[in-house]
Amino acid sequence: MIELISKLEKLSLELVQKQDYLYKVEVKKEQLESLLLSFLNEFGYITLDSINCRDDLEEGNFVITYCLLTPKRDHVVMVQTSIERENASLPSIHTFWPQAEIMEREMHEMFGVDFPGHPTLIDFALEYWDNIPPLRRDFDTLQYVNDMNPFRGQRDDALDAKVEMKKKREAKKAAKLKAEQEAAAKAELETQNNPSQEVQNEE
Amino acid sequence: MKNDLENTIKIFHGPQHPGITGNMSVELDLLGETIKRAQTHVGYLHRGFEKLVERRTVVQAFTIVCRICVPEPDPNEENFARAVENLTGLEISEKAKYIRTMVLEMQRLATMFLWMGGQAGSIGLGLIPQWSVCDRDYMLDLFEELTGGRVYHMYAFPGGVRRDLPEGFLSRLSDLLDYYEKRIIVYNNTFFDNIIFKKRAIGVGIVNADDVIKNAYVGQVMRGCGIKKDVRKDMPYLMYDKLDFDIPVQSDGDVYARALVRRDEMLQSIKILRQIIKQMPSEGDILQKIPKHRKFKLPADDTYVQTESARGAMSYYMAGDGSEKIRRMQVRGPSLVHAYTLLEKLLVDSQLSDVAMTMNSLGICPPEIER
Amino acid sequence: MNSIFLLLNLLPILFLYQFGGDLHVSLSLTKEFTLSLSQTPLGTFFAYLSLISFLLVTIAQKSKKTSFSYYALQFLLSIAMLAIVLAGDFITFFIGWEIMTWSSYFLISKSSDIDTKSLQKYILFSLASAFSLIAGMVIAYSFANSFDFNVIQNSFHTMPFNIKVALIVLFSLSFFTKAGVIGLHYWVVDTYSKAPDLFSSILSAVMSKMGIYGLFLVYGHLVGYAELKDMFGVILNGTDFGYVLGWIGVITSIIATFKAITQDEVKRLLAYSSIAQLGYIIAVIGMGTSFGVAGAMYHTLIHTIIKLLLFINVAAIVAQTGKNKFSELGGLIYRTPVSFVMLLIGIIALAGMPPLGGFASKFMLYNAAIDSKFALILVGMLFSGAASFLYCYKLVYGIYLGHPTSKDLETQKEVPISYLIPQVILALLLVATGAFPGAFIKVINPILIEFSLNTIPYTSMGVMQSAVGNFNGLFIISAFVVIFVFILLLIWRIKSKAKNNLNRFDISYCGEVPSKNTQLHYGYGFGTDLYRIKFVNAILKRSSSPFYEALATQTKKTAGLLSRMYYGNIHNTMIIILLFFSALYFIGVN
Amino acid sequence: MMESGFHGCDLDDSLKCKLEESGTQNTHSVMEKAAAWFRSRSIFVVAYGTGCGAIEMPPTFTSRYDAERMGVVGVATPRQADLIILSGYLAYKTLRRVIRTYEQMQKPKYIITLGSCPINGGMYWDSYNTIKKLDDYLPVDVSVVGCMPRPEAVIDGFSLLQKRIKNGEKAGWEKYDENLDFYKKNQKRVLGNHVDPSYETDWYNLENGSEV
Amino acid sequence: MIFQIILLIMLAYVVGFIYMGLYRNITARIQGRYGPTVYQTFYDSIKLFSKKNSVSYGWMFYLGPVIMATGAVLTLILVPVFSDSDFLRSVTTQGNLFLLLYLMVLGPLGNALAVGTGGNPFGVMGVVRGLTRLIGLELPFYIAVVGLIIASNSSDIVHIIDLQKTTGLNILVHPFLFIAAMISMVGFFGASPFDIPGAPQEVYSGPRTEFSGKFLALLMSQGSIFAFAKLVLIIDLFLGGADSLWMLVIKTFAIFITIIFIGIVYGRYKVEQAVDFLMKIPTLIGVIGLVRIIWFG
């Protein structure tokens, strides 16, 4: 691990330990491909476990995370980069890791990230999708759903949940109040009766 | 003059097909019954979990993450809970850890029984599914007792588990394990040693050990090739570093090797469960002190957690943004690479009869591919 | 033109019908050479068989544009065959044989897709066959001092044993080549598949039968089955000779059957099937029992009918669509329904299914094997029959069933009527032989007497009698029809409404929907699975072509001077060869 | 257990009325009654696990709960089947295949849905890729609620369906035939113009033609 | 005679369906569940007959199942059911064992035409699998039948039955042939490990993929009739036939239950493995029996 830190320092990159088995290094987009290649060829991180994408709408960029493993598989290194949201594009790494093909295909579909040189940027999970990519955060799923799928109408004897909850709460409150009152009354009664009891006891 | 490849016929293996695992399809180009090209199609189960999770708080999301993979929900719950714990810095008690480990191992056993049914059913051995699905049901009964749900448990809550163990649960679990040990001998005779299963499975779907490491194949695919790796040993979580168990491996890398690995893993799971029953602390909080109204605030940070599911390592990437909502949660199940990179490669030049068997032995679960 | 040659083809039939019976004509050229025709029951049977086949093929040729020379050659061929089967001596026989070879050679060369290699193959094997025949003739002459069949027959038993064997082997080789026994079948497939489509039917149905006629002539007539038995001894209930021949036939049949299944070209499949069916005949022809001869005769008849029917059918489809591969055809059933039904009848008979005539002949063959107790040979024959279901189904599926593989197949029309007429006649013949299997026994019995064998008991037209059980063809076919109609009516009456005009793409396809471009026709892949079966793979992997190609290269290498002939003009080569052997012949004679 | 009584359609009032009328008996003759009895005793289920509910299908059909004793048995292809179990939410991609499968089944045919999702969207009510009300697109005979419904509940659903078949109540496929326009309109609304195949039914072509 | 034939068909129909029901029931019991009633297959077939629709791809598709049923019924009436009575003797003597061998394949081939007309690639794959399997399946059966024919010097089944009264049952006299024939029979009944053509996990339903409603019902009915005919054929050939209804039921059931027990514990071979197996072990056993008959018999 120390080796890796020193190697990364030469590239003026910092390796941060996040958890026991989790390390993270942030890198600029331009450096990404060469860094991934050196992870693969020099540092021995030959397994690409996953490519994750996060949409930071507020900052206006996508955060892409490549999770890499050594053959020992005893820790994960996340290589993180951020790219512009507009016309997002990344170099395709499917030639180095065949499994990246499907991960990139998914990212293309879900976020609209383009991968020049990728052979099969076809449909992954969706079919005939013509809206903005669904996992972008500016895609409003509620709006879309309401447009496509109306809610089921109520039954005639259906009750409004809010009103019922309110009623229930009030009833509860009333019951509580009543119980309190009763308790108070009882207490009063008891206090009234107590003397007699005491009296009786005394007797 | 047309050549062999141009004269193939095209058929779909799924989604409406008895030989498919779940709701997915494989598009096959066949010459005779020899597959010349295979292409996986998913998306029949796509619900957009990652979008749904973004619109929910941690507690709301907790109820739906288990639905990401239907046959084995618990690794998902575990991953989710651990990711939230990592982000918020929650520490859970030892008893909760033991219970979670126990639930994970119980789930592993249940999934293995279901897999055994599927694997035997894929070669037309109708007896085994009838038995093994029934045997799995006894485990589901215990789950029901423990969590209230047969299939979806919603049990491993961030910060611990949702409920304490019922009285006498561990002894009932112990009884069931006795029963399972007896049953596994029966399955060994009828299924794993079945001459026809051997004939069909040996030498089919051979995975190259060199590809395994680079292409991130996990689980029994990896261990069937003789690579002794397991998240439970390599990056131990919960109580696994305190438990004594082996990682079973086989060297052939074919369907039969993977089946044997699974059988041995079942025995290992029973071994682990027995240790847990012995070591389970009687005292301890099952749920750590968590924020009021369970309003978890996730910091603007990200994390990556891995759990060994019954089919291989399952990873979650989770990021918060300082609010109650989850900024991003990405699921990377073992099936994604298996169903695409591996399956499309394995099926080429194999026969139509091998498709169902190969898919079953890879442990492909479509809902976790597309979420 | 067609009608002229139709009449011309009718003439020999009428002639035979009018003057036939006991025809004996001889024309003495010199003291030694006499050309003679002498009619035997065997010859009469083959004469009618070939002449009627020619007539039917000529009918089918009406709608196909055919040149005068083609017709003339075909007529010449028919006359040559007539000469062969009516020949009373080897000279006439050989002349007929040569005319047959050459006229068929020129007919094959008229095909558009013939290549020189196939032509060379054909003529070389034909010539080899002829040389072997000549050698046999010469040896026989040197002992009998005559070419006359009867003289040779009478003097045969006086010959030394090794000469007898040599004669039998030489003649057998010659006729095996014509019939296409495995190992000598190298020319058959290419020639059958590349010859003009209608002429393939003649090649398969009639010309290969000349080989069978030759075998009958030698085994039954010249040598005699009794002599064969004396010469080679007895195994089980049959002769050693028959046992060897039986295995040759069965192996031929099994290998050719499996080869047929894996073919993509329709006519190649039929060619292999032809070899396989002739294998059956050869398997029983040497048994020397009445059932052996009867089975061989019966199968000769049925195979001629079937192969004429199938080849004419295929020729019509090829002419109509211009396609001749299973991977390019398909889905024609509702476009050409009559052709489909005809082919269906053909393959039912080819598979040997009751209630058509195919079963009757198969039954005879099996009886022959049972009669001689050749159990394993019988099992082999049955096994080959079971495997032949696959190519029968491939034939009908690849052309008529399944999905059309291209757009123009969807708009095809029914084939011209002139193709259908002979097919209908032949199909009716198949039905008739199925219903009245016993009728043919009457034709066979005179031949059996000619071979001095026991006759087969004849009870009635409908019943096929044999030593180990009999079957009533008339009963079977009528029971079949009655039950069929009964069940059909029952189903018809059930009110479950059948949607008849369902779209061809409306199939259960796992929830997906096939598009017009989705390839769904299984024609090409059909039978490729057989390669994975070890036993079948061992058969299919082997081929005789490497042997013959190696032989050819060796010949080219060693015979430096002679090899030039193979490269040069084929006709010159042939003339040289012919001259060379005629010279040899005259040397031999003198 | 919940019978399908909802037909809340926001689209066409005239169609809505027709839908609500259905549900009456329509067997009269003895033969039909006998046929209905046999139909109820033998139900072939097409093998199609459309959603998570499929995980409870193996227990239902295997030895612990054994649906075969009621005559319910699985078959491979829609042609042979009487019943399709839609086990859970339906993604649009699946809905296309389910409609296709349903149309390939032979009448009489029935639909059982499992779980809450086909009724109102369930947990995935705000998912962009699943439908909410299945009965807008296909006629549902019996809905079994729960997430997942237990095998006992599924078997209860079978027995309810058997009862309804035996009584000769008007089944979903008859509604589908009568209100084809309604269903096709809804299908077209969510699936767009990509409803395969064009040769099976002419609605799409007709409407496309009129739109252009 | 017509009356007798109809009686026989009805008997075969009922017994066949009850056997098929028993097959499912016994299988279920072994699998540890209650299973359907014995009449379940009967219910299924009536239900399918009463379907309101059934698809058809044209007349050949319509005729295919009819040809198949015809083949089954024709097989049935040509197999002597009772050994001593005159029941249908006059009919069964019209055929012989060779005819039956071919008639048994006639039906499936007729149906294959219908499958091809439907054009479903799964169906055609199923047919090709079936025909390929047939190559292997027929071989041991042929050997057994040929052995019996040669041993009893007749291809007449009635004669073979009668002969067993003097020489003893063929199962004892020719045990090798019986084993070979029995292994084939497992395949003819579509039991594992030879249930390759209709393997649902592989070819979707095989030849039956497109059949629905009354066509499927007809196929099921003929299947049960055919199953009965095959059972009767086996007991005729090897168990000396049956002289009463009870003997018929007992003997056929004995064969039937053997087939069930073999089928239930095995998975499914691939087609090439099945043919390889059938060409090795059962064929070898059969050849031993055959050689025994020819050379030492």
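Letters A, B, C, D and E mark the chains as written, and numbering starts fresh at 1 in each.
As a working rule, a contact is a pair of C-beta atoms (placed from the backbone, for glycine too) under 8 Å apart; a residue touches a chain by one contact, two chains touch by 3 or more.
What you see is a predicted model; the values in this text were computed from it and never measured.
As a matter of contact connectivity, taking chain C out of the picture leaves the rest undivided, in one piece. More C-beta pairs touch across the C-E interface than across any other pair of chains. Ranking all chains by how far their C-alpha centres lie from the centre of chain D, first place goes to C.
Taking the mean of C-alpha positions as each chain's centre, the chain lying farthest from the centre of chain B is C. Of all chains shown, E has the CA centroid lying nearest to the centroid of every protein CA atom. Note on chain placement: the centre of chain B and the centre of chain E lie 43 Å apart, centres being C-alpha means.
Chain centres here are Cα averages; for chain B and chain C they lie 63 Å apart.
Inter-chain centre distance (chain A to chain D, centres taken as mean C-alpha positions): 34 Å. Computed centre separation for the pair chain A/chain E is 60 angstrom, with centres defined by C-alpha atoms.
Those residues of chain B in touch with two or more other chains are numbered 9, 11, 15-18, 30, 33, 43, 46, 48, 51-52, 55, 130-131, 134, 351. The multi-chain contact residues of chain A, meaning those touching 2 or more other chains, are 125-127, 134, 139, 141-142. Residues of chain D in contact with at least two other chains: 47-48, 62-64, 76-79, 93, 97, 101, 126-129.
Shown are all chain pairs that touch, namely A-B, A-D, B-C, B-D, B-E, C-D, C-E, D-E. Residues of chain A that touch chain B in their complex: 18-22, 24, 46-50, 52-56, 63, 65, 67, 69, 71-76, 78, 80, 97-99, 101-103, 110, 123-127, 134-135, 137, 139, 141-142.
Here chain C touches chain D in the complex through residues 503, 505-506, 508, 511-513, going by the rule given at the top. Contact residues of chain B toward chain E in the complex are 9, 11, 17-19, 30, 33, 120-127, 130-131, 134, 190, 194-197, 199-200, 351-353, 355-356. Here chain E touches chain C in the complex through residues 49-58, 60, 62-63, 65-67, 69-70, 73-74, 77, 91, 94-99, 101-103, 105-106, 109, 112-113, 116-122, 124-125, 127-129, 131-132, 134-136, 138-139, 142-143, 146-147, 149-150, 153-156, 159, 204-205, 209-210, 213-215, 218, 271-272, 275-276, 279, 287, 290, 293-294, going by the rule given at the top. Against chain B, the residues of chain D that register as touching in their complex are 46-52, 54-56, 58-59, 62-64, 74, 76, 78, 89, 91, 93-94, 97, 101, 123-124, 126-130, 147-148, 150.
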